[in-house]
Every structure is written in structure tokens, then in C-alpha cells.
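Single-structure report; data block below.
Letters A, B and C mark the chains as written, and numbering starts fresh at 1 in each.
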Amino acid sequence: MTVTKAPTEPPAQQRTIRRPGDRIFAGAARGSGIFILLVLAGVAAFLISEAIPAFTASSEEIPGGEGLGDYVWPLIAGTLLGAVIALLVATPLAVGIALYVTYYAPRRIATALGYVIDLLAAIPSVVYGFWGLAVLAKQLVPFHEWLDDTLGFIPFFAGPASTTGRTMLTVGLVLAVMILPIISAIAREVFGQAPALHREAALALGATRWEMIRMAVLPYGKSGVIAGAMLGLGRALGETMAVAIILSGGAGATLNVISNSSPSTIASNIALRFPEATGLGVNTLIASGLVLFVITLAVNMLARWVVNRRADFSGAN
Amino acid sequence: MAKRIEVSDLNIYYGNFLAVEGVNVSIEPRSITALIGPSGCGKSTFLRSINRMHEVLPGARVEGKVVMDGQDLYGSDVDPVDVRRQIGMVFQRPNPFPTMSIYDNVIAGNRLNNKRMKRAETDELVERSLRGANLWNEVKDRLDRPGSGLSGGQQQRLCIARAIAVEPDVLLMDEPCSALDPISTLAIEDLMTELKERFTIVIVTHNMQQAARVSEQTGFFNLNGVGQPGRLIEFNPTEKIFSNPDEKATEDYISGRFG
Amino acid sequence: MSTDTQAAPPAATPQEGPVRVQRKLPRYAPFGLFAGGVAVGAALSALTGFSVISTVVYGVVLGTVAVYAASRAVEGRRKATDRLVTSLVTTAFGIAMVPLVSLVWTVLDNGLARFDGQFFSNSMYRVVGEGGGAYHAVLGTLIITALATAISVPIGLMAAIYLVEYGTGRLKKAITFFVDVMTGIPSIVAGLFAFALFTLLFGNDFRAGVMGAVALSVLMIPVVVRSCEEVLKLVPNELREASYALGVPKWRTVMKVVLPTAVAGLGTGITLAVARVVGETAPLLITVGLITGTNLNPFDGRMATLPVFAYYQLTQPGVNEQAFLDRAWTAALLLIILVMALNVVARLISRFFAPTTGR
């Protein structure tokens, strides 16, 4: 008989008593969860507090002497440019890869192929930078010249074509390889979840495999692909080392992606300048980091919102 | 050791949904009480509220009284963990801990609560509990093997051994045979008849023959319709329930004319 | 539904005559046609100065066109489209393999030159040209990663436990959402955060390995939370109930039943999280920096780490440029080996430590 207390009248809504061990443990678990929220808030708070001197300083004191806006703007443009190239190249490829792994590859090796694609995500970004500089940039030089010759009338390819290949175009292609596994992983997941009933119904109607995919798989997976592409975009926006290694250094804001004077990106600019920066230079770089943080946060929140909305719907299926 | 349980005006909720309404019943010590009724009528929910297992689900709560030997189990100063140490439970599907050996499964109740015991004592407890669950002869040579390697019926008896090893006063069984074959079922029924010498046993079952075979008292739960709370329609000696029930609904259910 | 239904009607009735029965390409025809296309592509490439790349590009394009045309002529439009898409999708997969193979080959090719004992036993202390090694950087990476793991795992695991075992309502939703959002924080921003945090606490000139560990933790915690959460959800509820019914308090149930049951999955998830941060460069570059000597104290002074070492060897070579490049590539090779090894270990953990279930 371990319960020794005398019986008492229970109040209408009593709280269950909890042992100290339970209370401490639950508190620690809850505390860890809240701590993570605080870290995220802390990232914003500390960046803001260290960026404030750059916001309040006069234009001449900012590196470049033209004020914070003129300093950050070309970097934002460069960041977006590289990420958009990556996204345009990677998304169709990733969809193709996901379809191949889920519906075309032989069943026995499909899982292994998916794993091989995931390996692309495991390679450190600094190594991508090495490869981009040593291999891809060199191989792409003829492609740069060709673009300049044939498509030179488009501002993006205005030239003069770089002879080293260390351009925004090369950066965009390396970023595309880096975000490929992110987009294809999510696309693979949603394609794999397309209702078997719909797929079999399509096949039973005499559809070819492609028609079945177009009717039953792609409509179902569309929002997943969009969300995956946005997560990939978030990654491409914030990617640092690959860009820092390949681009030789920033210049003004230009849409030209094949010349040596491509703009830098926010992240790579920080990596290149931070180790030597002093005083207000540090604050300026942190301010640009804050801009990057806000952009990626917005993109990621939007992507997660799309994913979660989709999850809500598929729960009803 | 075995104890009497008095339940009065018990309402059981899932969030705002009233699942079981107004149960009044007295469960006799050293006997087997069977609870029968159609699916979804709240008999398992009622069973789980006796040892305060109901409230581990988020939003689940209980109003009313469950008194064991003069003490209200839902009293404000009663720790549900202590209640569960006195009222053991066996579940529908056998659930031995997959990371533990047969030996460790039996003494899990003590081990998990960090109770210090001498090796000789635990050996003795394991043998006593496994003998009590009629499993000793089958597993005595492989006590260090994982419990999940046993057959379904053996696993269920292992779970019973695990439950009686903490020496509770009451044993609740939630359809303990529904996942088992007929021979394992018979073995468990024989075991229950032995265990009632020492424990108060409450069993939920869908199998009316089982209720008739093993129990002294039987309660019949029913609900009026979907979304309505379940109720205890009739509680009487088993013989009376199966031969001459008081309520029309009980008779309909037992003779298969239900619904 | 917007299906193409204008398929040639005869295709539906193949029994009309011997010619109709043949309205399907023989099984190996696509491969043959594709090979033919590649051969023509090689010839074309040879005309314009042979190169492997142009051969493959011309070959794949011509092969795809050849298969499409033949199928269109024999099997009709729908089937031809189907074959075209099959080619495209397979090509997409092939394209993705090119950088992977090229990258691994390049790193091996350049990195094996200095993959020797000296690389693992010497630091760069007073080395200006040849020789030297990454001993100090390897140790630095191990120390900082271990420190980051020591910070991230308890917090991440406890948060996952909160989400699975305790969490309800808005706090749970908020944590789930923001953990997901946090996985997308750029690594350089995590580095800036650590820099700003330590600058405010200890002044401008403070540099220590722990700054890098904190930055890596910001990146690692959300990964740990997500993977642990998935694994804990897989633990059957029956086991928790069995434990509660024995009179075991909830916290002991979590510690002694839930966690041991999930240990294989937790090990895999945590190992993959380590693999994800071990090659991170940017946050370490701006917090920990680099030194040439060996510093094993993560709470005082700059430290060398393998990714930053590789970066500086490549971008700021000294007198003997080739010696620096060789060291850079060997460091890159070592990083890849490290990450791959962690991935393999993660798979092995999930294979060998999974609890034996008899059902």
C-alpha cells in the first residue's frame, strides 16, 4: 500500500500532481524548444545590434564612400542573379531526376540511385568551389565565347566574354549542382506519394507512362516541386564559399553574367572581406549579412508555408 | 492483497467529447469481472480510467470517483504513477520491450524505477513471476534472449509476468486474447483463473464465451448512437447476464440480435 | 482532362494485318538507334575538332532525335512522346552524374599527390614552401566539430523529445515551423551571429574555437531536432503505455524505454548532422580564422580547421605555388573522405543497432 494519504474530496478540475523528476525533465525539454526560438531571435537581434553603426554612419564612412545603399545594392543584385540562374537550371533537371528515380529507373537500383544523388548534397561547399574553379570555369570558356558571339545582343550575354570562366554564369551553374539534391529530394518524395489509385486508373485507361505521369503525378506534385525549388533558392542565396572561390572579386551592378566584372554576392563578399575588415567595415558587412538573413528567412518561410499547406491537404486524402 | 474498487458517477472525456457517462459499479476482490459490449462503447476507455492510463492521452480527463479500499484514486494528492504501480495492466497486443531480454522484461517495472535489488532477489522474482504466468518452463533456458523472439501467446504471458512482478493489487486486461490463437487463449484463461486467487481482475473482451467461461461478474456497455456517450447498461453476476438479463439491450447483444 | 486523344486510330486495332502487328519497335531498337545517333555525333564532333564533351552532347541529342523519329514513324505520336520523355528524364539523371564523377575524379587526381604521412603529422608552423601538413587543421576540425556536437545534441534531442512527448498547441507549432526555417539559415549568417555574440561579450579582438562551435551549432541544432523527431515518432506508443502501466514516471519512460528503442535512428541522425557541418567553411573563416601552428585549446586564440586551411592554401599560395595547391587539394580530398565516412557510419549504425523485432 504505497498510497498512504487519506482520501479527500476532489475539486471539480484538479491538476494532476507531477513528480519532481517529471517536472524537471519536461521543463528541460520545453526549455530546449524555447531556447531554439530564442537562438533564432538572437541571430536577428545580434546582427541588428552590430549592424546599427553602419545604418547610422554617414555615407562617406561606408567602404566605397557612397553610403550603405550603394554598397549593398549591387551585392543584392549579384546574389539574386546567381541564385536565379541556379534555380532555372536546377529545377527542370531535378524534376527529371526525381521522375527517373521514382518511375523510370529499374526498381532494384532506384534507392541506390537516390542515394547517389544525395551524395551531391554531402560534398562540402568549399570543395565545390575548388572544382568550379579548376574544372568547370575552364571548360565553360568556349561556352562563354559562343554566348557572346551568338546571343550578345541580350544584356545578360553582352560580354566581353571572360577568358578565365570565373563569371556569374559559372557560379550559377555550380550553385545549380549544389541545390539539385535539395529540390530533387523533395520532388522525389511528393512524386512517390502520388496516389497509386490515380496512377493505376490512368494506366488502366491505356495511358502511356508519360501520360500517366502528366495526368496523375505532376498535378499532385506541383506544389511540392515549387516548395523544393524555393528551399533550393534559399540555399543558393546564402551559399558562400563556392562563390567566393570562383568569382575573382566584385565590381559594379551589372546584369552581364559572362564577363569578368560580374557583381559579387552578399555572402561571398562577407567571406572575402571579413577577415581583413576593421571598424565600420565590420559593421557594414554585418549589415549586408542582415539583409541576406532577411531575404533567406522570407524565402524559407514561404517555402515551409507551401510545404505545410500541402501536408494539410494530403492528410485529407 | 487484492482490493475492492468502487466507481461512482464516473464521466470520461476526450477533450470536450463525453465518451463514457455515469458509471457506477463495485468490483469485487479476488474475482474476475468481465466487461463486454460492442466496439466503441467505451469499455476500454473505462478500463483505462481505473488505473489513470486514460489521462496520458492529450486532452483526456475524468470526472467522478474511483475508490480503492477507501481511497479516491483521483484525489488531488494522489500521484497517478503510484496508482499504476498498484493497478497493473495487460494490453490488447503483446508489447514486450524490444531492447530487453526476457529476464529484463520481467523485472522492467523495478529496473525502470531504479529499485535496487540483490541478484538473488531478482532471480527469485523473475522465476516467481514467470511461474505465476505459466511461462517459466518454456523460457527458463533462454532468459537472456530478446522477449520479442517469443510467440504471440508467450509474449502475452511475458507481459502478464511483467505486470505481476511489480506486485499490484489489481490486474486490468484489455482484450488480452484478441491477437492470439485459440490454444494460447486457453492458456491465458487458465492463468486468469489461477491469478484471481491473488488479484482483483478486470477483463475487457469481445468474446462472450470467454466472459462466460472465466468471470464471476459481467458488465455490459452500450451506446445509443454514434456521437453519444457509452453507458454501463447492466452489471450482474455472469450467470444471470447470460441466462436471464435484466435489460432488453443486454439480451439482444448476447443473443446476437444486436443492431 | 486534357489528354492527347488524337492517337492514330489504327494503333488501337493491331489485329488488322501483319503490318499492324509490327507497329511496335523491337525491344532493342531504341538502344541501337541511340547508339547510331551517338556515332553520328562522334563523327560530327570529329569534324569540328574532336572532344569528349561535344561527342557526348551531339550524341545524346542526335540519339534522342533518332529514337523519337523512328518511334513517331512506326508507333505513332503518343508512344513517341513517351519515348522522348524517357530519354529526357534519363538524360537529366545522366547530367547530374557528370559533376559528381568529375568532382570526385578531380579531387582524387589532385589530392593524392600529398596524401602522405607528413600531411597528417606536420603542421604549417614555419613552413613557407614544400612540406608541411594539416595535422593542426585536422585536430582543430575534430575539436570544433566535437564541441559543436556537444552543444547541439543535448539541446536538439531535448527539443525533439519536447515535440514528440510533451508538445501541444501553439508552442509546438511554432517550434516545428521555426526549426524548419532555421535549417535554411545561410552558414555565413550563423558565423556573423557567433561573431556578433562573442564580440559583445568579450570585445572586438576575441577569437577562439568555441566561436566556430557556436556558429556550427546554429546550423546543426535544427538538423538534429528534425531527424530525432522523425525517429522518436517511430517508437510505438504501445511501449510507452506498457511502461506507464508498470508505474514508471513519464521521464523515466522516455529515458529508459523510448530513447533506447530509438537509439539506432538517433545515432544515424546525429551522425548525418555532424557530416553536414564538418565541411562548413564560411562560419569558421570569419570567426576562428586560421593559424599555422597547433592550438588545441578551443577557448583561447585562433585555430586551424581543415576547410579554412584548404581555402587559404588555394587562394593565398606562397612562394612555391604548387606545394600550396597540392596541400589544398589533399585537404579537400580529406574533407570528402571524412564526410563520406560519416555517411557510411550513419548507414551502418542504422543497420547494426536496430532493435530486433520478432514480429
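In the analysis below, a contact is a pair of C-beta atoms (placed from the backbone, for glycine too) under 8 Å apart; a residue touches a chain by one contact, two chains touch by 3 or more.
Because the structure is a prediction, the values reported are computed rather than measured.
**Q** Where each step is a move between two chains that touch, what is the least number of such steps from chain B to chain C?
**A** Shortest path length, in steps: 1.
**Q** Looking at CA centres, what chain is most distant from chain B?
**A** A
**Q** Which chain has the mean of its C-alpha atoms lying nearest to the mean of all protein C-alpha atoms shown?
**A** C
**Q** By raw count of C-beta pairs in contact, what's the busiest chain pair here?
**A** Comparing chain pairs, contacts are most numerous for A-C.
**Q** What's the distance between the Cα centroids of chain B and chain C, rounded to whole Å?
**A** 50
**Q** How many Å are there between the centre of chain A and the centre of chain C, using C-alpha atoms for each centre?
**A** Each chain's C-alpha centroid was found; their separation is 13 Å.
**Q** Approximately how many whole Å separate the CA-defined centres of chain A and chain B?
**A** Between these chains, centre-to-centre, one finds 53 Å.
**Q** Please list all residues of chain B that touch 2 or more other chains.
**A** 81-83, 85-86
**Q** Among the residues of chain A, pick out those that touch two or more other chains and give their numbers.
**A** 19 - these are the residues of chain A that touch more than one other chain.
**Q** At which residue positions does chain C touch at least two other chains?
**A** Answer for chain C, listing residues that touch two or more other chains: 249-250, 252.
**Q** Could you please specify the touching residues of chain A with respect to chain C in the complex?
**A** Per the touch definition, chain A meets chain C at residues 19, 21-22, 24-26, 28-37, 39-40, 42-43, 46-47, 49-50, 92-93, 95-97, 99-101, 104-105, 113, 116-117, 119-120, 122-131, 133-136, 139, 177, 180, 184, 207-211, 213, 215, 231, 234-235, 237-241, 244-245, 267, 270-271, 274-275, 285-286, 289, 292-293, 296-297, 299-301, 303-304, 307-308.
**Q** For the complex, give me every residue of chain C touching chain B.
**A** Residues of chain C touching chain B: 168, 236, 238-250, 252-253, 256-257, 260-261, 263, 355-359.
**Q** With touch defined as at the start, can you tell me which chain B residues reach chain C in the complex?
**A** The contact residues of chain B facing chain C are 51, 53, 56, 58, 81-86, 88-89, 91, 93, 95-99, 108-109, 111-114, 146, 148-150, 155, 159, 162-163, 166.
**Q** Looking at the complex, which residues from chain A come into contact with chain B?
**A** 1-3, 5-8, 10-12, 14-17, 19
**Q** Which stretch or stretches of chain C touch chain A in the complex?
**A** On the chain C side, the touching residues are 1, 3-4, 53, 78-79, 81-82, 85-86, 88-93, 95-97, 99-100, 102-103, 106-107, 110, 154-156, 158-159, 161-163, 165-167, 171-172, 174-175, 177-190, 192-193, 195-197, 199-200, 218, 221-222, 225, 249-252, 254-255, 275-276, 278-282, 285-286, 289, 307, 310-311, 314-315, 328-329, 332, 335-336, 339-340, 343.
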